[in-house]
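By written order: A, B, C and D. Residues from 1 in each chain.
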Amino acid sequence: MSVNTISKDRFKQFVEALIQSDQRVVGVQARGDRFVFDDLKAADALRLDYDVTILSPRKYVLPPKEPLLKFDGRASYESLQESEPMVLLGVHPYDMAAINQMDLLFSQDEYDNHYMCRRKKMTIIACDVATPSENVFAASMGTATVDSGYDMLLTDIGDAYVVEAATDNGKALMNLMPDARPASEADIEKRQAVWKKNEHDLNKHMLECKPSFLPKLLEKNYDHPVWEEKARLCYSCGSCNQVCPTCYCFDVQDEVNWDLKTGVRYRAWDGCLLQDFATVAGDHNFRKDRAARFRHRLYRKGKYVPGKIGGQIACVGCGRCITACTAKIANPVDVYNQLMERTDIG
Amino acid sequence: MCECCVQNNKDIYLPAPATITKRRMLNGTELYLHLESDSGKEMEYTPGQFVEVSLGGIGEAPISISSSPTQKGLELVIRNVGTLTRAIHKLQVGDKLGVRGPYGSTYPVEQAKGKDLVFICGGIGLVPQRSFIRYVLDHRSEYGKVTVLIGTKCYDMRLFREEIAMWQERKDMTVMETIDEAHDCWDGNVGVVTTLIPKIESDLPKSLVMVCGPPVMYKFVLMALAEVDVPQDSIYVNLERRMKCGVGKCGHCQINQHYVCQDGPVFRFSDLANVPEAI
Amino acid sequence: MSKNININVHHITRVEGHGNIVVNITDGTIETCQWQVPEAPRFFEAMVRGRRYDDIQTIVSRICGICSISHSLVATRAVEDALKLEVSEQTDLVRHLMHYSEQLQSHVLHVGYLVAPDLFGEKSVVPLIPKATDAVKTIIKAHRVANQMSALLCGRITHPVTLTPGGMTRVPTEDELRSLKKELEAIVPDLVTICNVVLSAAEALPDFTRETEYVSLKQNQPQYKGTLQEYTFYHGDITSTDLNGKPPVPAAKWESVANEYVHPQSTAKWTKWHRDAYAAGALARFNNNAELLSPLGKKVAEMFGLKKGCCNPYFNSIAQLAECAHVVEGSLEVIDELLTRGLKPEKVKVALRAGRGHAGIEAPRGILFHSYEFDKNGECVWGNCCIPTNQNHANIQLDFEKLVPQFMDEGQDALRQKMEMLVRAYDPCISCSTHYLDIEFVK
Amino acid sequence: MSKPRVAIFDFACCEGCQLQIVNLEEEIIDLVGAVDVVEWREAMSEQSHEYDIAIVEGSITRPEDEHRLQIIRSRAKILIALGACATIGGVNKMKNNFDLNEVKRCVYGKDAEMPHLATTTTRALHEVVDVDFKIHGCPINGEEFKQVVRDLLLGKKPVIPTYPVCVECKAKENVCRYEYDEICLGPIIRAGCGAPCPSAGWRCFGCRGLVDNPNVDAAKEVMEKYNLTVDDLKQKMVLFNSK
């Protein structure tokens, strides 16, 4: 691991050089009065001071619609893999934490090479949060800062960035930053201060328990009235699923060409809040009630997925679902805190 | 395909071609298929597991393996309920389809050795159970008493009639069949499958009981088993959910914390105690 | 040759909407010769009442799928007139572009898919595919570019969603405009190809003329430099070949031009101005504005010998071809203008007031008028629309009355073919008017 | 296997959905290669009484239309309703909010009683005959149309979304209209269009019709959260979702 400092001007040159390189560069940019990840065409468009992006970088890690294989007739199949080398620039710590979780989920048990292959070709330049968003609560979830997964981590310390290269990929990128100097003690301290501040500030909604307590909290509250109270207003629109960096459920469909023989099998984002997520043939729906679907999401974040990935909570506190939910009921902290109120923590 | 995929050499979503070598309708809606893999390699599986069956352009569906690994090829039984299953019903001997798997948990083939076994099957639930039953029959000496209860909605829907008749001939197993609705050609038991439970001769609390059937059946069978003191950890249920990937990623088959495709489809009932969505 | 003719084309094909042609000739005497419009009436003017000012364009866009952009645009402008809303030059330019996309799309569709089969003696474009694959593909390509242009500017191809009284909800980015420009430049040679293909079959256009009043918009005060000020589709007052030096009529007074009346042959209303009927459409625009066409537009007209004052209705399709060229060149000009100015998102501000507003615009098939009145809450209390196809119905009837005697000796099939072609030449959009063409030769 | 015979018909509508078929551009050549188009008045002169699949656009607004639709139904094995006018009645149904005689008078004045101007309550196709499949939208989405046709040719039940527009809107990375305290029907309207309207800065006005199970009970409380009222919502629903 090497830690350097580079001035913001010089950093811009680095981004320019990156854009000129032969890989795809995706970075955070403004769209209207919000921010999005998009292909970066000029260094000036990069906005590392952003608060939060509308969609998380999941859209690159697990694209909304991705071909899995092509078929020719009923029984002839061939894998499709469309990934390309890519640099993802400006990933916030909570989103990095989400990607780390997904890496685990897609590599464990059955190894998903469509996902993993793309990840391996991806270089992630993370960056610490400079402007807290209106609903972020990463501090409550322990994801205000992150210490793994990225190839490079940037921290804005005023007129310069502290740059930490964490992998070989990251170190190779340092070659595009000839002007970077080893970070001084003072710079490192400034970075420490940013981390400390974020661990305090990124907390617009305060979870009243340690995240590690959530599985236990949920264990006891399956029939809690809050599920029905909240879900009463739920539109089953899956907005909370769509924007969430840790949601990864998908649907699989075949699309056939006009020869009615060849075509592509692809997967596309799905959402457990959608009415027919658990419907099988004969229209039997295993999760028919809004409340049951609403509960399922928060159980997945707080209990089920943690059970698969060594206890890590699958809500990273980005706050996107809070903003995205039209009915204003999706706030996980709000729900978990209500469970706390009526639960004996013993 | 790119390099790193080639390195890993396995795409978990990639079906392998197989050819239909036998085909017959078991009743008006259920089709029996015998498949052989085009690669010539036998699939290695254990009773209770399932495969994902594919028709390019139409889609994929999870289907239980009905054959036993002690025999050659793969046997499936497919009920015509929707798009893919309807398309499969149109296939003929010699036609090909895609298969990947096997997936999911298995019946307790090893732990069951030496024990009395009871199979309670409702309708198409006989299909996966048959895999284990045939396995047991092929290793008959290793297991205790074998009792098979089969309940079918109506006379015409009964599956594997000749095979059941052969089982009934055997001295080393007990097979009891019932149909829900009386029928002119039927002089056997009439009533739901639970009515057969009192007739079981094995020492039920010491037996392993395997249950598979439509969602509504479980509640009643499990209640009946509780009444006769079968401990929950001696009961195995075989559950079904919507499924897309079959490999624990897509999220559709989740029952609370469990993935049917990985933790199931065969569950020990005691493991489902805190799983309210299961039954 | 038989002197008895019975033509009964019930729902003429390859036109938008439903229309019938009925001709009955016994022993050389014309007993019936009718152009009928049986389209189901849809009552838009009644349905807009009670709706808010910013839903009007969404509703009336559904009058017609092919000219939905014109309907949305004219409605939006009528609402703006009622609420006294000014739009920025940027909005005006983007709307021009949007409008051009529709002219191009509609004209290419009409000439390429609906008229060309007649010229080549086919029943539809389908049999032309194997015979003239390249030509058909060229037409498809031009059509696709026009549609992409609509999709970019309107938010979707048909029934625009970017228009709102007072402005635009979305304007294209400069990158998007630059790539549009490339696409448009690339289809200029294709347009020439299409014109040559049509020219090769132009002798199939019947030799038929009838003195006609032609009504269209004309723009007196230039809005911007270049093409935009001239051959107008979007701004301007109502002019006519019968005005004889009198000043054009402002669009607000359109009701005194159209003089709508209900005719028993039609569910759509008919119109007349200085004579018993007038014609609207590309030929009308050409006859009033020919000298203002873009250079390539003029060239196309020349290729076909189309000159100002042409009274052959079949030449409407040729005027459309000239307009295609004009519109592509005009679009390139507008894009350059927008790129020079740079595009900025704009906030739309609306202050409600009670009032009535009117607007006129050139839809692909002719002049189109909308008027609305709103109460102080911005709710519509009255609406009135007058659609180009309706303005042509009476003229088609009069053309028929001259055409049938002229060509009846050629026999039933040839006559029927000419009558169908005539209707198609007007590019009727009967669903606008309500719906259009069935020809009946009554037995 | 012989190619299925397809006929396309229209009733009261703007024909914009048929236009979307034309707008398939090159792919229309593939389409006419995969099926036998035997009647399509807007695009060709041939006509036929024998067809397997009838694609029908438009609403039923007159007694004679009802009769014609019944004949089409009796001849077709599969009947597909094409576009909002056919699937939900579309804008034509706004007429049903008024007294019919008054509507006629409003448009035709003193001539309103002329017999050829007769009109009845607007109905969607399924309110008159059995409809096998619905391709929603005003206009339809060409991609969805292609998929439905190919699925049917394959003998596959087309997958039409049962979830609301918000799903696709969110995927397009739009800022929700409600965040600006503006109204949008996205949460209760069936997806499949790709949310072009919110993506263009406009509201979803509901052209694809309601989802199967819209949460109408939530409307009042949710609208209040944005300083809007249920009446605001209803004002917008009238456009495409009148009774």
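Everything that follows uses one rule, which is that contacts are C-beta pairs under 8 Å (C-beta built on N, C-alpha and C of every residue); 3 or more make two chains touch, one makes a residue touch a chain.
In this text the structure is predicted, and so the values were computed from the model without any measurement.
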Chain occupying the most central position, where position means C-alpha average: D
Centroid spacing, where centroids are CA-atom means, of chain A and chain B in whole angstrom: 38
For chain A paired with chain D, centre-to-centre distance based on mean C-alpha positions, whole Å: 37
Gap in Å, rounded to a whole number, between the CA centres of chain C and chain B: 66
Chain centre separation in whole Å, for chain D relative to chain B (CA means): 44
Interface hub residues of chain A, defined as touching at least two other chains: 32, 253, 256, 260
Junction residues of chain C - those touching two or more other chains: none
Numbers and ranges of chain D residues touching at least 2 other chains: 154
Pairs of chains found to touch, sorted by chain label: A-B, A-D, B-D, C-D
Residues of chain B that touch chain A when the two form their complex: 1-2, 4-5, 8, 10-15, 17-18, 38, 54-60, 81-82, 85, 91, 95-98, 215, 240-242, 244-245, 247-252, 254-257, 262, 274, 276-277
Chain D contact footprint on chain C (complex, rising order): 11, 13-17, 38-47, 49-52, 55, 58-59, 62-66, 68, 109, 113-114, 117, 123-126, 129, 137, 140-141, 143-144, 147, 154-159, 161-162, 164, 169-170, 262, 264, 266-267, 269, 431-432, 435
Chain A contact footprint on chain D (complex, rising order): 27, 30-31, 33-34, 147, 150-151, 153-154, 159, 162-164, 166-167, 170-171, 173-176, 178-179, 186-188, 211-215, 217-218, 221-222, 225
Partner chain C, residues of chain D touching it in the complex: 10-20, 22-23, 25-26, 28-29, 32, 37, 40-47, 58, 61-62, 65, 90-92, 94-95, 97-98, 102-104, 106-109, 111, 114, 116-117, 119, 138-139, 196-197, 199-202, 205, 235-236, 238-239
Complex interface listing, chain A residues touching chain D: 31-34, 36, 54-55, 64, 232-239, 242-243, 253, 255-258, 260, 269, 271, 274-276, 290, 323-324, 326-328
